[in-house]
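The two complexes that follow have chain A in common; it is paired with chain B in the first and with chain C in the second.
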Partner chain A sequence: MSEKIVITGSGIVSAIGNNRQQCLENLKNGFSGISEVRYLPTVHHEFPVGEVKLSNSQMCDLLGIGHSQVYSRTTLMGIMAVKEALAQAGASDTQNYMTLISGTTVGGMDVSEQLFSQGMSQDDCSNCIATHTCGASTNAIAAYFGDTFNSTITPSTACSSALNAIILGSDLIKAGLAQMVVAGGSESLTLFHLNGFKSLMILDTEPCKPFDEHRKGLNLGEGAAFVVLESETHAISRNAHILANISGYGNACDAFHQTASSPNGEGAFLAMSKALSEAHITTQDIDYINAHGTGTPNNDQSESAAIHRLFDDKVPPVSSTKSFTGHTTSASGSIETVISLLAMQEQFLPVNLGWSTPMKDGGIIPITESRKASLSNVMCNSFGFGGNDSSLILSKYTK
Partner chain B sequence: MNWVRVRKDSVVINGNMLATESTGQAMLKEVYKKCIGDYPKFFKMDALCRLGFVASELLLQQESPRVVNTEHRAVILFNRSSSLCDDRNYQETIQDSDNFFPSPAVFVYTLPNIITGEISIRNKYYGETLFAVLKQFDAREIHDIVCEAFLDSMTLDVITGWVDCESDDDFEACMLLVARDENNFTPEFINEI
Partner chain C sequence: MTSNKVYIKSVAHISAQQPLSDEWLSSPVVLQGDFVQACEPVYKDYISPMAARRMTPILKRAIVTAKAVLNDTDVDAIITGTGLGSAACSEKLINAMIEEGEAFSMPTQFMQSTHNTIGSLVAIDRKCHAYNATYSQDGISAECALLDAFVQIRLGKINNALVGIHDELPKSWLEVMKRSKIIGNLMQVPASETSISMLLDNNLVGSKCEIAGIEVAFNTSFDKMLSSFMSHYGLPQVDALMMGKNGWEDNDKVYDELLDKLSCVPALHYKHISGESCAASAFGVYASALCLEHGIVPATLQCDNINCDVPVKNILLANASGNNKSLILLRSCD
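Presenting the complex of A and B:
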């Protein structure tokens, strides 16, 4: 059996807080961060969103970045979350050593849109090329930390990107190709994907209601979250405090439709099954599932079917914390991994806001009242467009 | 090792030219009607997906029996133009505020890896899929990435190749089915086809 992969640091920026502590308090108190749009220059105020409650220039000030250089919002949020994760891991001063893996699909499109709406000059155009791509947003995060990172990778698998980043990071360490990895994702709201999701007709004009019979769609969100990964031996050798270990993960294709999930949740079922088998535990050992739970009719039906197939009539507590953060698309996998980690550390079950009516076709009944719980194994699901489905299991660390 | 090559004015399967009467998009439709014909979703696809779909169908028709419903086959494709062809089409739908008609049917194709999904959906492949955008055609890089995919013991064979669509009527695809123990799969072979 290969060595345990452990988490020694985490950082998060989302609609419910600019750091772990704020996010934790709002999760415990049931305060959602979904509200009327404030920072994104859209005309579509009818769709509530989960925005990070900071402007780009406020983020620059917090990070000590001058206003002369252009940073995308994806990069700024990413820097904030990576910084918090490195600090917790006690790894802020390592040199030329770590790999940064940041999942994103939007990348620096927010800057391009801004420049475009101002009427692009030739200079703007080259600035835009420098910040536009997904990889550029990751490189700009890494650049902020000087010599800390010796390589960067940017997985882009739509909404499962950040969870796949954590899976990839774990694989790199297992394969001996990296010693320490900071993995997660960052994604800002843009006009392009707000309008795109609007055109897919899956946005709700009210706060989303995951797993509710009357759910109408998702609320888009934004944010970033990262975890510091290393082997158990590596963590022990540098006296790092181990927060949890990653005991299993799975990724599978649904092979059904470019955007919709299959009615029986084949891809989700395969991903969760693989994660369980890799963790060498059974369905009975899972104490909580942080569901993908977007609040669209299609996802919640499909995910419910997959969970019921796997867990039968013994489904553990389930909630979708997208009712707090909105659907943070490519960042959702790591944002929800960090939320799951906080729940494990604080031993509580995050609730599913907005739920009141069970689905007619036997959907998941999520938890709606926060309570203390002993969490040893937590499953976190993240499914992408095109049925790129991933599932990760975090376990309480024991030597 | 079976292979196909589809250009804007020619289709070649394992070295044999397939007779066609038209060029560009019309040729893809002609080949669909003549040789495939049972997948009406073809007509919803953008140019890049039509190209990749037609190439994959012609390739898989060479296989007997045709393998479906497996997680042991990977789909690993490459190009240089990403999904620009459809990105432009989508941009046109949102360019003008007086003539603003964004459509989900166009939007879904604004990612190049939709074609790896289309092939997986058609054949029920649940295994590895990858679409990489390269600076230019690079047989060695393609070869190396496919060989890396075989490091995963679950992957027994790979549909790979180049599927590039600069515009609706200017495109090129070459696709091949590589088995795990295939000795003839070399950068030179990829270059030749």
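Presenting the complex of A and C:
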């Protein structure tokens, strides 16, 4: 049997807080971060969003970054979350042997859309090349940390990108090709995808209601989150405090439609099944599911069907914390992994805000009252366009 | 830990060279100008015109190259590398936004704008529910995609994988690259478009070569990467060095330390044949695999006068893209 992959640090920036502590308090108190748009220069104030409550220049100030170099918002949020994760892992001074795996899809599109609209001078072109691509946004996060990272990899599978980053990071460690990996994702709101989602007519004009009969769509959010991964042996050898271990994960393709999920949730079912089998546990061992639960009619129906297929009538407590953060797209997988980790450490169940009416066709009934709970195994789902479905199981660490 | 070995079973390309053919080995198309578009095959021979109408060129290239390498083979993973993704779709959305403000509605373009549209469409086309991932790391996107497949085959999680590396170059991005002087001034090979699909497998039978090691890096010299490579895969035997030089001095000088270290073996290049793109390094893998399969290195790939007559059984590929670098060791199956 291969070695345990453990988490020794985590960092998060989202609509409900700029760090772990703030996010935890808001989760426990049931305070959503979804509100009228304030930082994204859009005309669409009719769609509430889960923005990180900092301007780019405030983030630069917090990070001690001068204003001369152009940074995308995706990169700035990524730096904040990586910094917090490294600090918790006691790895801030690590040199030259960590891998950064950061999932994103829009990358530096926030900068590009601004530069394209102002006509692209030669300087603009250089800035655009330095910030536009997914890879460039990850490299800019790594560059902030000097010699800490010696390799960078950017998964880009739309909304499941960050969970797939954690999956790849775990595999690289298992294969002996990386010792310590900082894995997660970052994605800022952009006009590009706000208007794109608007075109698909799946944005709610009210705060989202995951798994509710009257749900009308999602609220976009933004943010970043990362976990520090290493083998159990490596963590013990450097006396690191182990927060949890990653006991299983799976990815599968729904292979149904570019943006819609199949009615029986085949991809989600396969992803969750793979994760369980890799963890060598059964459905009865799962104490909580942090659902993908976007609040769109299609996702919540399909995910409900997949969960019911797998868990039958013994479904553990489920909630979608997108009702707090909005759908943070490519970052959602790691944001919700960190939320699941916090729930496990603090032994409580995060609630599903906005829910009141059960779905007629027998969908998931999410938890709406926060309560203490003993959580040993937590499942976190993250699905993306293209039917890219991933599921991860975090387990309470025991030697 | 004992690991499974990883082999390249088949490769197909649509690039600046004759599509779906190895003809370039003997008579390469000479690339001219700043930008050379991919040379397209007759798509109706491979996809129904109805289906093709809904696909952008990069999607057609991905579907067709995947069909060419897989035929009826089922795969345990579909892994894609792309630097710019569905750039043509993204460009249409940005242009609409600039012209019409936020009033536009382009659902189809948006649906096809994510980087993983390519790998997802291949999965839908093949009704394949297996593992599906996409990597976007500029000029080493191919290496990241290959690394994922390599790791999973070695770990025994999968037996085979379709790895597709695809990049197109839409007008606006070409313009950005021209205005920044990278295309048309600094780079000495033309920019181009490349689509390559490969079937990786843990079974030696019928393979072109073995992938013996892959290393990707950020802000690290090739020298340091070689030590790391050795710590992961042992001391490599190298009979030829295949470099991703593109004629841009800043980019090409980083290969000097490798050339110094490997001064006795022939130095090879390929970007004058493939053109430069985020997917170009996949063409280097393809070209090297052909050399190892046939046991010859065509003169068109050689950039020095060192004798290539000795059998070339191990090719070390080196590629640099901004702050990212990669090393891949390919080994003959003989």
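Just so it is clear, the second predicted complex is superposed on the first by the 398 of 399 C-alpha atoms of A that agree within 3 Å, B and C clash if a C-alpha of one lies under 4 Å from a C-alpha of the other, contacts with A are read in each partner's own complex, and residues count from 1 in each chain.
Just so we're on the same page, a residue touches a chain if its C-beta (ideal position, glycine included) is under 8 Å from a C-beta of that chain, and two chains touch if they have at least 3 such contacts.
None of these values were measured; they are calculated from a predicted model.
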Overlay on chain A: chain C relative to chain B, clash or fit: clash
Which superposed partner A:N26 touches (first chain B, second chain C, both, neither): neither
First, second, both or neither for A:T321, with chain B first and chain C second: neither
Which of chain B and chain C A:S332 touches, first, second, both or neither: neither
Of chain C and chain B, partner touching more chain A residues: C
Contacts of A:C253 with chain B and chain C, given as first, second, both or neither: both
Contacts of A:T131 with chain B and chain C, given as first, second, both or neither: neither
Chain B versus chain C as contact partner of A:S112, first or second or both or neither: second
Shared chain A contacts, counted only where both chain B and chain C touch the same residue: 158, 195-196, 198-201, 252-259, 266-267, 270, 385-388
Chain B contact footprint on chain A (complex, rising order): 158, 195-196, 198-201, 252-259, 266-267, 270, 385-388
Touching residues on chain B, where the partner in the complex is chain A: 71, 94, 102-104, 107-111, 113-114, 117-118, 120-121, 123-127, 129
Residue ranges of chain A touching chain C (in the complex, touch as defined): 2, 42-44, 96, 100, 105, 107, 109, 112-113, 116-117, 120-122, 125-126, 128-129, 133-136, 138-139, 142-143, 147, 149-158, 164, 168, 171-172, 174-177, 191-193, 195-201, 251-259, 266-267, 270, 384-388
Touch list for chain C against partner chain A, complex: 1, 3, 78, 82-85, 90, 93-94, 97-98, 101-102, 104-107, 110-117, 119-121, 123-124, 126-138, 140-141, 144, 147-148, 151-152, 154-155, 157, 172, 175-177, 179-182, 216-220, 224, 228, 232, 322-324
